[in-house]
Amino acid sequence: MILIPGRSSKQGTSLNAGKLKEEYQTVTSTIEMNESTMRKLGLSAGDRVRLSCATGKVEVECGKPRKDEDLPDGMIFIPYGPSSSELMESDTAGSGMPMSKQMVVDVECLGAN
Amino acid sequence: MSETKTPEAEKDEPNIRIVEDATCTFCGCVCDDMELTVDLDANRITKAKNACVLGRAWFLQHGIEDHPQAMIEGREVPLEEAMDEAARILHEAKFPITYGLSDSPCEAQRVAVAINDLVRGNIDTTTSVCHGPSGIAFQGVGESTSTLGEVKNRADLVIYWGGNPAESHPRHFTRYTVTPKGRYIPNGKKDRYVVLIDVRKTPSAPVADQLIRVKPGRDFELLWALRALVRGRDIDPDIEEITGVSREVLDELVERMKNCNFGVLFFGMGLTMTRGRHFNSGALLALATDLNKHTHFVAKPVRGHGNVTGADNVVSWQTGYPFGVNFHRGYPRFNPGEYTTVDLLARGDADAALMIATDPASNFPKHAIEHLKKIPVISLDAKPTYTSRQARVAFMVATYGINTGGTVYRMDDVPITLRPAFDSPFPTDEEVLTGIHTRLKKLRANGRKKAA
Amino acid sequence: MHTELELTTAPEVPIEAECLSPAKIKGLSQSGIEHLVMMHGNRKVRVGDFFRVTGNGQSSLRLEGDLSRVKYIGAGMKEGEVRVNGSAGMHLGAGMSGGVIRVSGDASDWVGPEMSGGRIEVMGDAGHMVGSAYRGQRVGIMGGEILIHGNVKNELGSAMRRGLIAVGGQAGDFVGVNMRAGTIVVMGGMGIRAGAGMVRGSIISFEPVELLPTFTYSCWLRPTFLRFYLCHLGQSGFEIDDDHMGGRYRRYCGDSVEENRGEILVFDSR
Amino acid sequence: MAENGTELRIKGGKVYDPANGIDGEVRDVLVRDGRIVDKVSGKARTFDAHGMVVMPGGVDIHCHIAGPKVNLSRKLQPEDHRLDVHPATDVTRSGVGGVTPSTFATGYRYATLGYTAAFDAAVPPLAARHVIEEFHDTPVIDKGFYVLLGNNMFLYDLLKQGRKQDFKDAIAWWVTAARAAGVKLVNAGSDEFWKGRRNENVTDVNEEIDPFDLTPLQATAAFIEAVDELNLPHPTHIHCNNLGHSGNVQTTLDTMKSAEGHRAHIAHIQFHSYAGEPGKRVQTGSEAIIDYINNNENITTDIGMVMFGKATAMTADAPLTWMLRFKDTKWVNADTECESGCGVMPFEYQDTNYTHTMQWAIGLELFLLSQDPWRVMFSTDHPNGASFRTYPRLIRLLMDRGFRSEMMGRVNQKAIKNCLLPQLDREYTLSEIAIITRAAPARALGLVNKGHLGVGADADITIYTDDENRERMFNAPRYVIKAGKPIIEDHEFVDDHIGRFLHTEPEHDPAIEDQIRPFFEDYYSIQFNNYRVDASYLHDHEVIPLRNSGNKKKGNK
């Protein structure tokens, strides 16, 4: 699966309240996938999910499914934050930029919250 | 410094002030048409007319928190003591780094560079993890670009690539690029054709006349194919299989680009943060330049932070390089991948860090964060963050654009003066940095005396 | 006869040591070498602060220990030899125009930038930007040889103008990007987007390669010039089997965004 | 500024102060409180200048040293900076050099050539704030800029509507709002061709610019007249149309003629003195151009000389850089809404190249044929013709016939055969050099206290060791004194200095704002109230007095 961290309005507005506040933490540890992908993985909204890669692993919550045309199969969206950092490789390939928008991760369902 | 108008209303409600033409520094759009209603008693902004959803949150949720101005290891200390300690740390470090700066006004950024020049440190800005790759690409191919007003006045073809302004820059479409009427675009959106190129159908999609979905990680191939077609060269017939975009769609896009009157390509981090990084940006910049053989065409990265563009400018004019600058040898050197912050932390090179209005502890790669925990950190923040929480010296500073004045640069390099809404009990980052700089000068002079 | 320097104190922060080059130590006494200046972060330090020096300045220099945080070893070298028994830091052999550098372990990023002659051999892996131009520069290495026996990462030989780069293992993305001329041989496979923007030059791969849509198949051939190169590489310690030596290669030309005068040769069959 | 009471006596030097008729006379120069005075006390610090040459500090009338285009060029060329570093000292900041140095290096390096003032020649009003911010970080020298109005949409609308008074008021408003020292036109009328017509350019100055019903020449004439009538200290500073094209002599003559008795300054005229057929080889047109200037006192000019080596094309004339672009050279185009275009491109002048050699020769020819050094001034249009660091070499070329012919032997011979340079024997005197690099630019800019060493002048003084090799001499002044403060002593920096910002404030009807505001709200992308550069940016500044307004001085000092 490919994890794509990005900005969202909610992440942006919760940032203003403060990063150490609950809202920001919730927003940045909730992932989105499309309906088919969720079905394939047997996930439903609210489930706990473990994402892992060579760099690290992290537990997040599965958000509401997105329409299939909005998000391609096999792709996971997450707002930037501490959870995405945990999985991010630090090699920048001589650019200063870690590969922060295209991360290959394994997904494991941990069951309902 | 800046003018604020006191409306008639003030006579009845003396605690309310209206600030007209204030600037929102939340994102790189830097909209300067805010009308802020300020409750001076409560130290709050109660209304932010013209602000978008992000801007409203930026203004309305801003309050003065009850928090010490300065702390050392979590213990409240006088400001002076914290500045002494910060200066001592930077003075003693063999590889002090400074990072952040894109949520500070230029006046503070200038002092930050001066500090690094003095201590022979290393300065980098958040550019290195947003459009740093575009900066590297720029050094390779240049850029045809324009201010946003020119897009509003002339652009009849607007293409967004790998960005989602509807969520990240909500007023980009409405204030600058799509809906506004311009000098040669009398009917606004009707006179423009808008194309969105992305891997997913983002909330920005509804504004577009055409959505082109590229396979994830295939932006470079698509851009490269477009460049070849614009130059009248051959490409692989299997292009649809490679990129997810058919040859017909490509040909149509190429014709559209060559035949518009004034085209613009905006691009976001969908290009800079994915495999290929600076080459993705470079391909897009080169495509825009190539198109100038046919018509007028410009490209522009959509920048994130309120004054990240100012940081690029200040660091460039003081050092000659836009980010990732090292002063170990008494003069600036530049090498992304070597002097950029993620690398310096992940490799364990830095032995002290000055973090200005940024929170690497929450958004850097894990290995970088781990090293940050091992070295003394000085933080300047307007709100508590993961970084300030673990900093050895933590300063709480006033919020730029709301509590402080100064200059910021919009994403298109247009400088704008801030109009603060109300005072803050916290010092500005410029004041804290100047305090540290002054102390460092004394420490250096004493060091020289001792040596002599 | 050689001069030996053993790293006895691990640096706290990276060291920059362009003085670790034959021309800089030649003719110096042992204490003269110990007094040579290096940068340790932003501090000036002496070679003797970190290295145990044995012997006086010879044209052959042997470095012992983990030098992965020591940058600019052999920079600007014109002649002589540097052997690193261990790993070497960034900018190994930067700007060298002659002589030989051998590293028994790994090398970091930027091996041989701005090189115009001489040879760098790395027995282990190397990082990104091997044999590449620095940012902003339009022309990369102008000559010489870089031989990496292990793997390398991205941007191998970017903008190179002349010379030979060979990699025994795998290479990352953008091999030979913006290449002007010269030859790159990669034996263990390479990442995507090889030859992007190449003007001239040859990239040879023993493994199948995913090519950009701006490269087109032109023909197959058994390139004679390659035999010479591979014989030479065989003598330099690379294992070259006969299939690759005399085999058939598919030739793709590109980059069509440029003048289409570069080539990528991909081994096909024997 | 030096502390009150600081006194200096520069003793026994050969003084070149052409504005006061002093030509190499041995005399003392006295300084107190940052100014030249006629008496100092016995406590004055004495500099022994015996055998040395004393001149006022140099004034660069046309260069590009600050603002967006310069910063783009800096960002664009890391490879150029890397090879020319500028380390910090105990008193100065660090930086990088190359063709477009960082701000600190720019200031210090001007100072090390004996220059104490420089004017950036092309600033869009929208970028004025940026330029002034960079000026704060450009040490030692005083600085100012000319604001780009030659493609200003609103002003063109006014011209189209025939609103002459409003046009004048609007120019004055823009100069004041941007805090400029003068008005600049660049390739007048070309923006509509470039941005609006798919990268075309003006070719004929008598062709109408759609949609303004007006030709580039008419627009130019209107600006020249208005600026003169506004009594700006410096006349309209003009980059003519057709820069760099063979056969542009006629355009340049037409432009000068359009001034019709009004003052006008033609910038970097070397680039506008090309005979020959358009699209064909450049021939020298220096005689025709300089004849006109010699005979018409309303015209001043700077030459914009070319010197071989690295340069960077950097101009509001974007179509020019596009024309010069060779293969896939990195190239920057940057449009500023309603105001200007901009092109930046690294460039190298090669002595083996016919055209480049011709350009080099034409610059020298113009100087050697000039009859009035007070109107034909020194510049390289830094960094377009060459870096300002080539000034000493160019000065030697003007002063040293032997050096000139030696160099002529090493460059493209076809060009040398085709030009006038070999026939010209003139050698500039030190006094003439002092005029073209100091006294004349100061006078043309209306800087009454600069460019000379009379009582009351700013104590900006350079002291050179007299040396027959004029390149060596002008490359390293022994002492540089800025505003009465010694900055360089025995070739070393002993102090830092921020320099002053120079601008002017023409009178105008404030009601013009009501005309500009609606246009602004429609077509600009920032708020009108955020456009003017407010006083907080000025710091240490001085208002250059208008002509005919006596010697009034304003400013915070």
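Going in written order, the chains are labelled A, B, C and D, and every chain counts its residues from 1.
FYI, a residue touches a chain if its C-beta (ideal position, glycine included) is under 8 Å from a C-beta of that chain, and two chains touch if they have at least 3 such contacts.
It should be emphasised that the depicted structure is a prediction, and the values quoted were computed from it without experimental measurement.
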Point to revise | Chain closest to the middle, measuring from C-alpha centroids that were averaged per chain | key: B
Study note, to complete from the structure: Per the C-alpha means, the centres of subunit A and subunit C lie apart by a whole-Å value of 39
Practice item. Indicate the whole-number Å distance between the mean C-alpha point of subunit B and the mean C-alpha point of subunit C. Key: 36
Exercise for review: With chain centres taken as the means of their Cα atoms, state the distance from subunit C to subunit D in Å.
Suggested key: 47
Review point. Quick one: subunit A and subunit B, Cα centre-to-centre, how many Å?
Key: 23
Exercise for review: Could you list which residues of subunit C touch at least two other chains?
Suggested key: 109-110, 128-129, 134-136, 138, 173
Study note, to complete from the structure: Listed in rising order, subunit B residues that touch 2 or more other chains are 136, 139-140, 275, 327, 329, 334, 336-338
Review point. Among the residues of subunit D, which are close enough to touch at least two other chains?
Key: 76-78, 82, 330
Practice item. By the touch definition up top, name every chain pair that qualifies. Key: A-B, A-C, B-C, B-D, C-D
**Study point:** For the subunit B and subunit D complex, residues of the former touching the latter
**Key:** 1-3, 20-21, 23, 32-33, 106, 110, 114, 117-118, 135, 138-150, 152-154, 175-176, 181-184, 261-262, 286, 289, 292, 294-296, 298, 312-314, 316-322, 327, 329-334, 405, 407, 409-410, 413-417, 448
Review point. Subunit B touches which residues of subunit C in the complex?
Key: 12-14, 16, 39-43, 69, 90, 109-110, 128-129, 134-136, 138, 173-174, 177-178, 192-193, 196, 211-216, 256-257, 260
Point to revise | Interfacial residue positions of subunit B with respect to subunit A in the complex | key: 26-27, 53-54, 57-58, 61-62, 124, 128-129, 132-133, 136, 164, 167-168, 170, 199-202, 213, 216-217, 269-270, 272-275, 277-278, 304, 323-324, 336-338, 340-343, 345-346, 359, 362-369, 383-386, 389
Check your understanding: Along subunit D, where are the residues that touch subunit C in the complex?
Key -> 76-80, 82, 330
Study note, to complete from the structure: Given the complex, residues on subunit A that touch subunit B span 2, 4, 6-9, 12-13, 16-20, 55-56, 67, 69-72, 75, 77, 80-82, 84-102
